[in-house]
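Common to both upcoming complexes is chain A, partnered first by chain B, then by chain C.
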Partner chain A sequence: MSLKLIVKSLKWKRVTRKYPFEQHPVPEDFRGRVEFLEELCMGCGACANVCPPNAIQVIEEKGTRIIKLFIGRCIFCGRCEENCPMMAVKQTDDFELSSIRREDLEVVLRHGLPRDEKGHFLEYTEREIVEAEEVLRSERPRELVEKLIESSRKCRSCRIREGIGSIAKALRPGGERNE
Partner chain B sequence: MSRNLYKELRKSIYLLHVDAGSCNGCDIEVLDALTPYFDIERFGMKLVASPKQADAVIVTGPVTRQFKRFLKRIYEYLPKPTAVVAVGSCACGGGIWHDTYNVIGGVDKVIPVDVYVPGCPPRPSAIIHGVLVALGVIEQKVKRVERSLGLKGFRTLEVRKKGMVEGYSTYRKVVLELKRMIGYRLTYRLLKDYVELMRRSSYRDELLKGIEDIVRAWGEDPRIREALETMARRIGKDDG
Partner chain C sequence: MGLADGNSCKAEEFVARVEEEFGESVEKIEKLGEGKVIVYVSRESLPKVVSYVFWELGGRLATVVGSDERRLHSHFVVYYPLAMDFIDDGYSGKCWIIVASVIPGDDPRFPSVTKDIPAANWAEREIRDLLGLEPVGHPDPRRLVLPDDWPDGVYPLREEMDYTYSPPSKERPYTFQPSERIVKGTEVIELPIGPIHPASDEPGQFRVYVDGEEVVDFDYRLFHIHRGIEKLGVSRMTYNQVPFLAERICGICGYSHSCCYCQAVEEAFKVDVPERAEYIRSVMLEIERVHSHMLIVGLGLHLAAFDWGFMQLFKARERIMDLAEILTGNRKTYGMNVVGGVRRDFIKDRIGKAMDIVRDVRKRYREIVDIILSNRSVINRFSSIGILESNVARSLGVLGPTARASGLRIDVRKDHPYAAYRNLPLEVKVRDEGDVLSRHLVRLEEVFNSLDMIEHALDRLPGGPILAEKVEPIPHVRSFSSIEAPRGENFHFIVTGMHSMLIRWKVRAPTYNNWSAMPHMCRGYTLADIPLILTSIDPCYSCTERVMVVNVKKRTRRMMRWDELIHKSRKLPIRGCRS
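On to the complex of A and B.
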């Protein structure tokens, strides 16, 4: 190293960060690890719908709906945070995500599905029904809301069967339609 | 799998950087870790050109079909014991390319991986952290999260309840318009203030005066002023 260079370098302070031994500050609005706020998440799966690399997936199992995030595939774009209707997704400042095992990078949320009177599972989570009830009550007349909520307490196939049954009843001779 | 490679090898670790079809984002971050700002040579690490000289390998990219056999061959050339660090979302789980036709989708489908470093791209400090975890110098920080959620502990959005203007549709309109104009991060910060203001004020003038307060509180940001005033004009007109 030439003397000239040494003299020049003396003018500057040390720039190297002591990184693993001290924190490396992140800028404002840094997009780090995705975190679900458990008390707000209702398991609607809007985040899975918009996720570009399918890092968030919705897995339907009997009696549960699983929201599964694999951080190893997440590209930290923030679309889940943007689109979550409950603002239940937050991106933290955390960027030290190195992991030895693949399983450690997974976040699994299991949402329980309620049963109807006949013991069939509904296709909504318990939290979704509560949320829908609240939204509807602020907008629609009371009787309609009661009716909707009542029908939401039956499973999908039961609802369809009932609907077909009522149509068939109406079409039968002596039914409402034939009068 | 955690072990101290420093102790096993009793020498400085030489790193090999393999580009398995990445977009060069991660490669630039790997090079960034060599600059004086991060200076990976503090740990005695150095990038080398040949797998035969390397003690650990950094792989970036989702592994294209063309590159699969070369990656296998590189791994065979590496003197053992070695550590494989998959850097970037593509190398960890395929990233945005996970189901593309010409891509294997993840380094761990071809060769055994010691440490996954997610990020798109990961910061240089995250790469340093990953390499040090692979060498067994520091512990990993992330843990698997698994929760069963029921009705217990559920709370609906407070912002909506507190400052309900006129039903859900107005709230929804406010959120969507604000997101469109100033983006979601600023929207989520402002929302509480703005919705509360809408609930409080019954006239347009009152609303505009309140907006002035919010703008002042958020540091006279012209974007916020413009967005909120447009909001007041639009939503105010529709809903009285």
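On to the complex of A and C.
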């Protein structure tokens, strides 16, 4: 028995790597650190809606919508990447995330909210409205679509005053609770 | 999931027999799915009906589920799910009978069945702790789940408690109770182990009562890291976020938890899972089983001072972890399951890579196993210690390899097939000895079978989508599912609610049932055997352990470090104390 064991031990080579002095390879499509592509994000918050540990949060401030990711809470499931309608979320190969400062683990996107003609803030970002318009243009009947698009440039209180319900909200993707 | 019609017929036959026996007590019958029936009986007749189904009809009590359904019908409900596994006619018609009873909100009591069926012991205590339903006549009045300083009258799983609420602590002691086996006046030494336990995946505190070297009794206090996952899952998360929480219940068999949860919800929502997704789930479940079994057998060998086997098994296991990483993008938390199917497809060149790894691991693993099994010191150390007789295993509801090593032919994959197991070359490995060796041998053999099944499934992976097109939540439906995880059966019970949320989510992991067999396995063996016996039921492991020896009579204490105890377990192959 023991002879066999020694022979095998000599034959089977050492497999330990010299990490961190040597890079650790990760396979293709590894689920690592989440990255936001700011130029694509429209600030809809679909990622925050599906995020199981609430690592992504949408914070509404006056005139700004903030999308905030705290990687310390992230579980790297990739639901945000899967549900982003704009493909603005990407998971990278990066897994070396340790840091002594909390801010290093925070990703913050700020979306300034546009104003309507009376100077009130709208509750949707510019890109959200553009996206919604694009979707609506292919819809029928035309008059209704035009009316909806027109109303999307008015703030909530103005719209309610005119008696037209929210449109962009209904089109907001990924919101299970909004169903 | 085209289950044979035979299952529901068989279930009806059992229900008819229950009705015949307890005609007046049966209040309502509710069909859940194929081969799953809930029989509502009156509160008083609960113990009679449950023990009839358990002992006379050949049921296996999976767990006891308490549920606060006052939002639906202003009552609590206790469910006793019994899998009809111990019937003799082969594998056909194994179904589920759930004996349930409605408990009024203003009189939260129900008669305990623990006296007749020891398997209900922990689950009934848990219901008392978390829901405040009193099991009248339960032999053990102590707390199980809640911390000792938790105030009375605060029940976490009741609807009115907010999940963020943390009540002020109230001091109260916990007493360890040896069973009446200990003869007063004998020189019995009480040996505390813990509170951070070596061989469980949660910290636990143990008392080992020893007479010289011989263990006379064993008592425990677990649940130090009860995390309130069930409450979190129903309070804050939507049904499609819960799989990711379920995956984090266990650090080893997380995938089977998320899979089990998804199956329960899919059944409640009547979702048809695509065949390809079922195959992918089976592959991932088997990958998990392989790495889990390699880990625990490796640890067993480590405790028996055969570190070569430990190292080599971990080396082989690392290849399996790589395989999981290639297929899912992560070593451990696969994040594959959502309700309705899986999220990531197996693409072709990855299947090729996976096949190479499986073949490679099988070859290497066979060589390792040959050497392990030809090592007589290991075999002698493992054999005839920690014997669990099959009748004890049956009455305690022991699961998985622990049960199969004691001669119980139960395996959810075969008895209640799910995912793609109907089409895979599954063999149920059973041994009769019931000792530590046979538990490890069952695992060693299962790994070969699992590797075969992975290869078979990857080879014959059907085409098509991996996610059901439409998942339509249906509110207020009861459903449950069970899965053969590496350590035994996982059991998830759900009641769906409004707005994509759940009202109740009950999780029972296999170690929950297997722990209760520990006193039986330890009695009569030596202190040095305890680490080996503990490991053989496959709890997890943490190394920051110390043991304190207390001589009750002389009031002397001696600290014994965990490594000292392990050293003892390696040095002292004394056996035969059990007379």
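In this text, the second predicted complex is superposed on the first by the 147 of 179 C-alpha atoms of A that agree within 3 Å, B and C clash if a C-alpha of one lies under 4 Å from a C-alpha of the other, contacts with A are read in each partner's own complex, and residues count from 1 in each chain.
Here is the rule we go by: contacts are C-beta pairs under 8 Å (C-beta built on N, C-alpha and C of every residue); 3 or more make two chains touch, one makes a residue touch a chain.
Here the structure is a predicted model, which means the values were calculated and not measured.
J.: With both structures superposed, pick whichever of chain B and chain C touches the larger number of chain A residues.
T.: B
J.: Answer with first, second, both or neither: which of chain B and chain C does A:E126 touch in the superposed model?
T.: first
J.: Mind working out whether A:V108 is in touch with chain B, chain C, both or neither, as first, second, both or neither?
T.: A:V108 sits against chain B, while chain C stays out of touch.
J.: Counting only touches as set out at the top, which of chain B and chain C does A:F76 meet: first, second, both, neither?
T.: both
J.: Quick check on the superposed pair: does A:V50 touch chain B, chain C, both, or neither? Answer first, second, both or neither.
T.: In the superposition, A:V50 contacts chain C only.
J.: With both complexes superposed on chain A, which partner does A:C155 reach: first (chain B), second (chain C), both or neither?
T.: Touch partners of A:C155: none, neither chain B nor chain C.
J.: Looking at A:V15, would you say it contacts chain B, chain C, both, or neither? Reply first, second, both or neither.
T.: both
J.: Figure out whether A:H24 sits in contact with chain B (first) or chain C (second), or with both, or with neither.
T.: In the superposition, A:H24 contacts chain B only.
J.: After superposition on the shared chain, which partner residues are touched by A:K4: those of chain B (first), chain C (second), both, or neither?
T.: In the superposition, A:K4 contacts chain C only.
J.: For chain A, give the residues common to its interface with chain B and its interface with chain C.
T.: 15, 29, 52-54, 75-78, 82.
J.: If you look only at chain B, which of its residues touch chain A in the complex?
T.: Residues in contact with chain A: 1-2, 36-39, 42, 89, 92-96, 98-99, 108, 114-120, 122-123, 125-126, 128-130, 132-134, 137-138, 140-151, 153-157, 159, 164, 167-169, 179, 184-185, 188.
J.: List the residues on chain C that touch chain A in their complex, please.
T.: Touch residues, chain C against chain A: 236-238, 240-242, 244-245, 248, 308, 312, 315, 318, 322, 325-326, 328-330, 333, 335, 343-344, 367, 371, 374-376, 499-500.
J.: In the complex of these two chains, what residues of chain A are touching chain B?
T.: Chain A residues touching chain B: 15-17, 19-20, 24, 29, 33, 38-43, 52-55, 64, 70-78, 81-82, 86-87, 94-112, 126-127, 130-131, 134-135, 138-139.
J.: Okay, in this complex, where on chain A does chain C touch?
T.: Spelled out, the residues of chain A in touch with chain C are 1, 4-5, 8-9, 12, 15, 26-31, 50-54, 75-79, 82, 91, 176-177, 179.
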